[in-house]
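Consider the two complexes below, in which chain A is the common component and chain B and chain C are the respective partners.
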Partner chain A sequence: MVPFLLSAALLVLVIGILAPLAAAGRDMRSVRILSLACTALSSLALAAASLIVLLDGDPVTIFLCQPTPAIGIVFSLDRLAAFFTLLIAGISGCVAVYSVEYFDHLSGNGRRNVLCGAMNLFILAMVLVVASATTVSFVFFWELMAASSFFLVMYEYANGETRRAGVFYFIMTQLSTLFVFLGIIALFAGTGSFAISPIILSSSPLILPAFLALFTGFSIKAGIIPFHKWLPYAHPASPSPISALMSGVMLKVAVYGLIRFLLDVFAPEFWWGVLILAAGTVSAVLGIIYALKEHDIKGMLACSSIENVGIIFIGIGLSVILNALNLPALATLSLLGALFHSLNHALFKSLLFLSSGSVVHATHTRDIEHMGGLARRMPYTSALFFIGAAAIAALPPLNGFVSELMIFVAMFSSIPLVDPFVKVLLFVTLALFALTSALSAACFVKAFGSVFLALPRSPESEDATEVSSLMIVGPAILAAGCIILGIFSFQIFSLAGFNLPLPDMFLVGVLLCGTTVLVYGFLYFTTPHAHRVSPTWGCGASAQKPGSEYTGFGFSEPIVTIFSSVYRTKKKNVRHFYDAKECLFSDGIAGIDLIKVFEEYLYIPIAKAACRTSAAIARFQNGCLDTYLLYVFVTVVAIIVFLGWSA
Partner chain B sequence: MNGEFVAYCVINALAVLAIAPLYMSLIKKVKAWTQGRQGPSPFQTYANLAKLFRKEVIYSPNSSRVTRVAPSITLAAILVAALFVPLAYVPAPVGGIGNIILFLYLFALARFFMALTGLDAGSPFGGMGSSREMSLAAVIEPVTIIVFAALAFVFASLNIFDMFVISAASAFPVTPTLILLAISLFIILIVETARIPIDNPETHLELTMIHEGMILELSGKNLALMELAAAVKFTVLSALLINLVLPFGLVTTFSVAGVLAALLLFLIKGAVLSGIVGIFESSMAKMRFFRLPSLFVMAFFFSTLTIIIEVFA
Partner chain C sequence: MMDAALVESIIRILFAGVIITAAYIISTRNLLSLVSVYALQSATLVGIALCLYTIEGAVVLLGIALVTFASKVLIIPYFIATIQERIRIKRDIEFHYLNPTTSLFLSMALMLVIYMALSSIMPNVSGKPTLFFFGAVVGLSLVLMGMMVTFSRKRAITKVLGYLTMENGVLLFGMFVTELPFIIEFLIVIDLIILVILTAILTVGIDSTLEEYHNRLHRFYLWEGTEDVP
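After this line comes the complex of A and B, so read on.
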């Protein structure tokens, strides 16, 4: 049953890739609908297959081909792979439903067909990365995923900003492939096998470089600081369904890679866990601090993805540490927290990206300072965004809270059991994790408040109208997922065979709803219903203007001041004078700019060094025949000398 | 969920609702005494709430559904959090009720809705209040979680019910670590309930207000619900502090007389704590907003000190 469903799903996806590519020249809505229907259909089949594997627990293997005796293309779906397949399938299905109407609003005629095809290729590549049972097919489909996503990012290539984002993304994603490739070569050199299976000779000196290379490769793809810079560029540049897929799903494929190699290949040591935990904590804290400063709605969501991937890495790192300290039950709890947070983040982040796509479509701007008042104009979209914001801010009883709670409980419970050094480490992480969680609540109060509440701050927002039905249905399924996964989390884990020390969120949900209804009902029947609509007090001004509202900048100002050491600014003051003694001022520029610390102190120096090195090397290739003959001569002499030496 | 637990829920929620407004008046009374004034009657807050519930509600034309539903949800979240902290009678916990992390996040839920209400009417005061509230909440959160982690460490449990049972069973529970934790808990109480030196609940000056700013545009029963929620929050956090440090009188088996006596005892202990809060408020001035993080760092050091004592003792 499972192999049939899997092959059928993949076949349908291939149809979804080829059909729109064949019709690329003409702008045909029917082809797009066909292609997206293929996406939705294959998502259903994939979800069914992975649910069967998840509940049965028996891994399924599909043998595709064996080009050489050492290298085989084999796919295998065990519970871990099935979990991530379910994640990919669930999100892609909803994105496909949303895209049917969203793509109609995009410009670019026939290119929209190509976009559908490339999106299906991207989804196919992600599914096959997760299903890969050999390192060769893993890296092959990893690269296919990277390449197809590059085309998706470059959709609006006419825009200079998009081209810059695309090139940035391309370089980062190729770096990621490079490191994954290096890691896999090191693994092969150390073990002599391309299978993703436990290392028997754990004493090989190549194991550590293999882990470090793989960890770097996966971190680049997952957006861990300091490799995070591509996210705030690539996400705003691409169409919203693509951002949803990249942020919701592609980052999780990197998480999958890390978990797969940690669990199945390596025998992780204690300090590997500390490394992952530290990387996760730094990403979580800095990610959300950067998100608070963003006023591009999609840029803000991208920064918040950095934060959430950081939380997932905290869970993974903690689990490695606890495993190394021989506390398997808590390690499992922490790893389950990381896995559950992957799924939850996929759900609420794609929900937020899709509903912000609707908002951007309705207001024609990505700047939250130009939105406002949309709750009354777009009631359904605002409700959906609200559910996403509440889930990502970890409010009970929604799903984001449950996964953070799992990591919190693992930390709280392990503190008494570990030695002092780990205790201190855990306390520091715990404090920073709590800070992250509270800052993300502040960030999403700001986002929801600025976008949806109060008065509209631009004429476009004033005239915004609700989007069409399919653009509500897609995110609505995701929102329902957020609520169901939160409320029934305890029951779901029991069903999967994990008895976790968690509160029953169903009970909490019933209590919350029951109390709200009681309070509301009690007041409804006991107090008068008289109400009146009267203008907000404007301090004596005759009419309230949008300009007097609190802006998003103003909202995050206290946090920016408190964390001013993180937001480094640069003061610029250039003055020109008429005379040599600088007395008569002619003109000048002054400004305070935010320093992009990582970009200015890490990325650009590396890029400049690379440019200098290549410029130095390029001098050897001067196009002059005599020089090349000289090279040949020198090489021949060198070979003769070398051979004479070794003989 | 058994009958006994349902009875506990109803009793605890009603008791909290009944007691909470009294403490608000008591703090005002103590502050008035220290200033040489007569002060309001201890029952003034009840009268205020009753008046507000009877008045008509005024909505801003800019406001959305958020303003209509947020007050009920805020009070509901705080009331559910109140179930996590038994005032007088500690039953066996059911279904994870009493989990200390969930308790903290129920407050976060209430705060989220309150902050959105502040932004909803488009008034600059509301935005100012929301912004300040969320910023302070973010900075105090690491302190709170460390204090709660220290509590979980000291009592070897994540559940507030279990902590109370352990503390009630020991003859003399006040240990040095607990005193240090009590200081941190007191600072958390002051911050979370928006009192001097964090926020001044008495004034409506735009330069100072945080909590009052968020609810400035509310009126009638919506305002009453928010005021009641703030009062209940104060009582719940006081109960956490009192029942951990001075648990005598707390009953763990159900009997009508025992529960009534314990409630009465709690009423007195809470009144004393309200008096202390009143004197504490009178003895200091409102701090400048950006000086507050240093106060939180102090609380952070107290809790870290506790942990170091516990860890290396």
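After this line comes the complex of A and C, so read on.
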């Protein structure tokens, strides 16, 4: 059954790729609908196959071809692969439903067909990366995923900002592929096999370089700091469904790669876990700090993805550490927390990207300072965004709370059992993780408040209307997922065979609802209902205006001040006066500059060094025949010396 | 047949002659004498081939001597002399990367390096250097000295002579170490003749008017543009 479902899903996806590409020259809505229907259908088939494997626990292997005796293209769906396939299928299906009407609003005529085809190719590549049983097919489909996502990012290529983002993304994604490729080559050199299977010769000196290369490659793709800069560029530049797929799903494919190689190939050492934990903690804290200062709604969500991937890495790193310290039960809890957070992040981040896509479509801006008052104009979208914001802010009883709680519980429970050094490490991580959760809540209070509450701050926001039904249905399924996975998390883990020390969130949810009803009822019945109208002092203002509201800038200003050492904030306030006693103000300049630390201190110096090196190498090719003859001469002499020396 | 020891001594003297001619080609600024020295160097190689024939008795050495004499002592020098006569350039005073003095010092250092390198590569001759070992050292040195001429001189005509010197080095190396088949040596000589003929065509422009070639002459550093061209 599973091989049939899997093969059928892949076949339908191929149809979904080829049909719109064949009609690339013409703007045909029917072909787009066919293609997106293929996406939804294959998602259903993939989800069914994944659920069967997840519940049965028996892995399924599909042999495709064997080009050479050493290299085979083999796919395998075990529980880990099935979990990530389910994640890909769930998000892809919802994105397909949303895209049916969203793509109609995009400019580009026939290019929209290409967008559909490329999106299906991207989904196919991600599914096959997860299903790969050999390193060769893994790296092949990894590169296919990278290439197809580049074309998706470049959809609005006429826009200079998109082109810049596309080039940046292309360089980073190719770097990621390079490191993954190097890791796989090192693994092959160390083990002599392309299979993703446990290493027999664990003493090989190439194992450590292989791990470091793979870790770097996966970190670049997952957006771990300091390799994160492509996210805030690529996500805002892409159409919203693509941002949802990239942030919600593609980052998780990198997480899958790391977990797969850690669990199935390597025997991780203690310090590997410390490395992963440190990378995750730094990414979580800095990611959310950067998200707080963003006023581009999609840029903010992109930075928040860095934070959430950081949390996932914290879970993975903690699991490796606890395994190395021989605490398997807590290691499992931590790893399950990381996996569950991967699924949850995929759900609420896709939900937020799709909702923000609706908002951007309605207001024609990504700047949250030009939004406001949309809760009344777009009630369904605002409700969906609220559920996503509450889930990502880890509010009970939603899914984000449960997965973060699992990692917290693993951390708390392990602290009494480990030696002092690890205790200190875990305490520091715990403190930073808690800070992250608090800042995340602040970030999404700001986002929801600035976008949906108060009065509209632009004419576009004033005129915004609710989006069409399919653009609500897609995110609504994701929102339902966030609620169900949160409330029934205990039951879901029990069904999967894990008895975890978690509270039953259904009971928590009932208690919360009951408390809310009771408080509301108490207030309703105890407060007087008579209306009282009386003038208040409005500071001299005759009416409330949008400009006098609490803006996103105003909300984040204290945080920008607190973390000025991270942002490298430079406040500028220059005033000129007509008189010497500085009473009559003439003019002045005021502003806040935030230095892009990693860009200015890491990326740009590396880019400049690369340019200098390239220029130095380019000087060797000067077009002069004599110079080339000189090179030949020097080479011949060097060969003679080498032969004489080595003989 | 002559005494082998005497012939070996003659060959060693001829080696010295080859090195002296190469040093002259590297260092001279006088273009007119350059072609004569090249012809002299080629004639020295003919002498070496004949001497070697008296020791080994291989007929192919006679063939090589004959072909070398016809091509490198007579035909090629004739063509180059014709070119020089047409373009009326008498001196080559522009250098790239190396001036003549530095080139000479570098040549000495190169010969030392090649001697040491070949001593390691050919361990059977480490006791007493044989004639063949010296032949290899001189041949390889001649190749590198010719290469130095090709990149250190700006005028095309001198570069051509550098290339021809390189080929003389290959011939010498081939005679003493690798024993190139005669047919290959013959084909190389034909290549050289074609190269020189092409240089002549480029230089004097037999298929075109001189005005059209004026710019090209400048480009190949064959002409400074102040003297009248016939």
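To be clear about the criterion, the second predicted complex is superposed on the first by the 576 of 647 C-alpha atoms of A that agree within 3 Å, B and C clash if a C-alpha of one lies under 4 Å from a C-alpha of the other, contacts with A are read in each partner's own complex, and residues count from 1 in each chain.
Here is the rule we use: a contact is a pair of C-beta atoms (placed from the backbone, for glycine too) under 8 Å apart; a residue touches a chain by one contact, two chains touch by 3 or more.
All values reported here derive from a predicted model rather than from experimental measurement.
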Which of chain B and chain C A:G644 touches, first, second, both or neither: second
Chain B versus chain C as contact partner of A:E549, first or second or both or neither: first
Chain B versus chain C as contact partner of A:R619, first or second or both or neither: neither
Contacts of A:A530 with chain B and chain C, given as first, second, both or neither: first
Partner chain in contact with A:K581 - chain B first, chain C second, else both or neither: neither
Contacts of A:V632 with chain B and chain C, given as first, second, both or neither: second
Which partner reaches more residues of chain A (counting touched residues only), chain B or chain C: B
Chain B versus chain C as contact partner of A:P558, first or second or both or neither: first
Contact residues common to both interfaces of chain A (with chain B and with chain C): none
Residue numbers on chain C that touch chain A, as the complex places them: 96-97, 110, 113-114, 116-121, 123, 140, 144, 147-148, 150-152, 154
In the complex, chain B residues that touch chain A: 1, 13, 53-54, 56-62, 64-66, 72-73, 75-77, 79-80, 83, 94-97, 99, 101-102, 105-106, 108-109, 111-112, 115-116, 119-124, 126-128, 130-132, 134-146, 148-149, 152-153, 156, 158, 216-217, 220-221, 225, 289-290, 293, 300, 304, 307, 311-312
Of chain A, residues touching chain B in the complex: 373, 375-376, 379, 382, 390, 393-396, 401, 405, 408-409, 411-413, 415-416, 420, 423, 427, 430-435, 437-439, 441-442, 445-446, 448-450, 452-455, 490, 501-504, 507-508, 511-512, 515-516, 518-520, 523, 526-528, 530-539, 544, 546, 548-550, 554-559, 561-562
Touching residues (chain side chain A, partner chain C) in the complex: 625-627, 629-630, 632-633, 636-637, 640-641, 643-645, 647
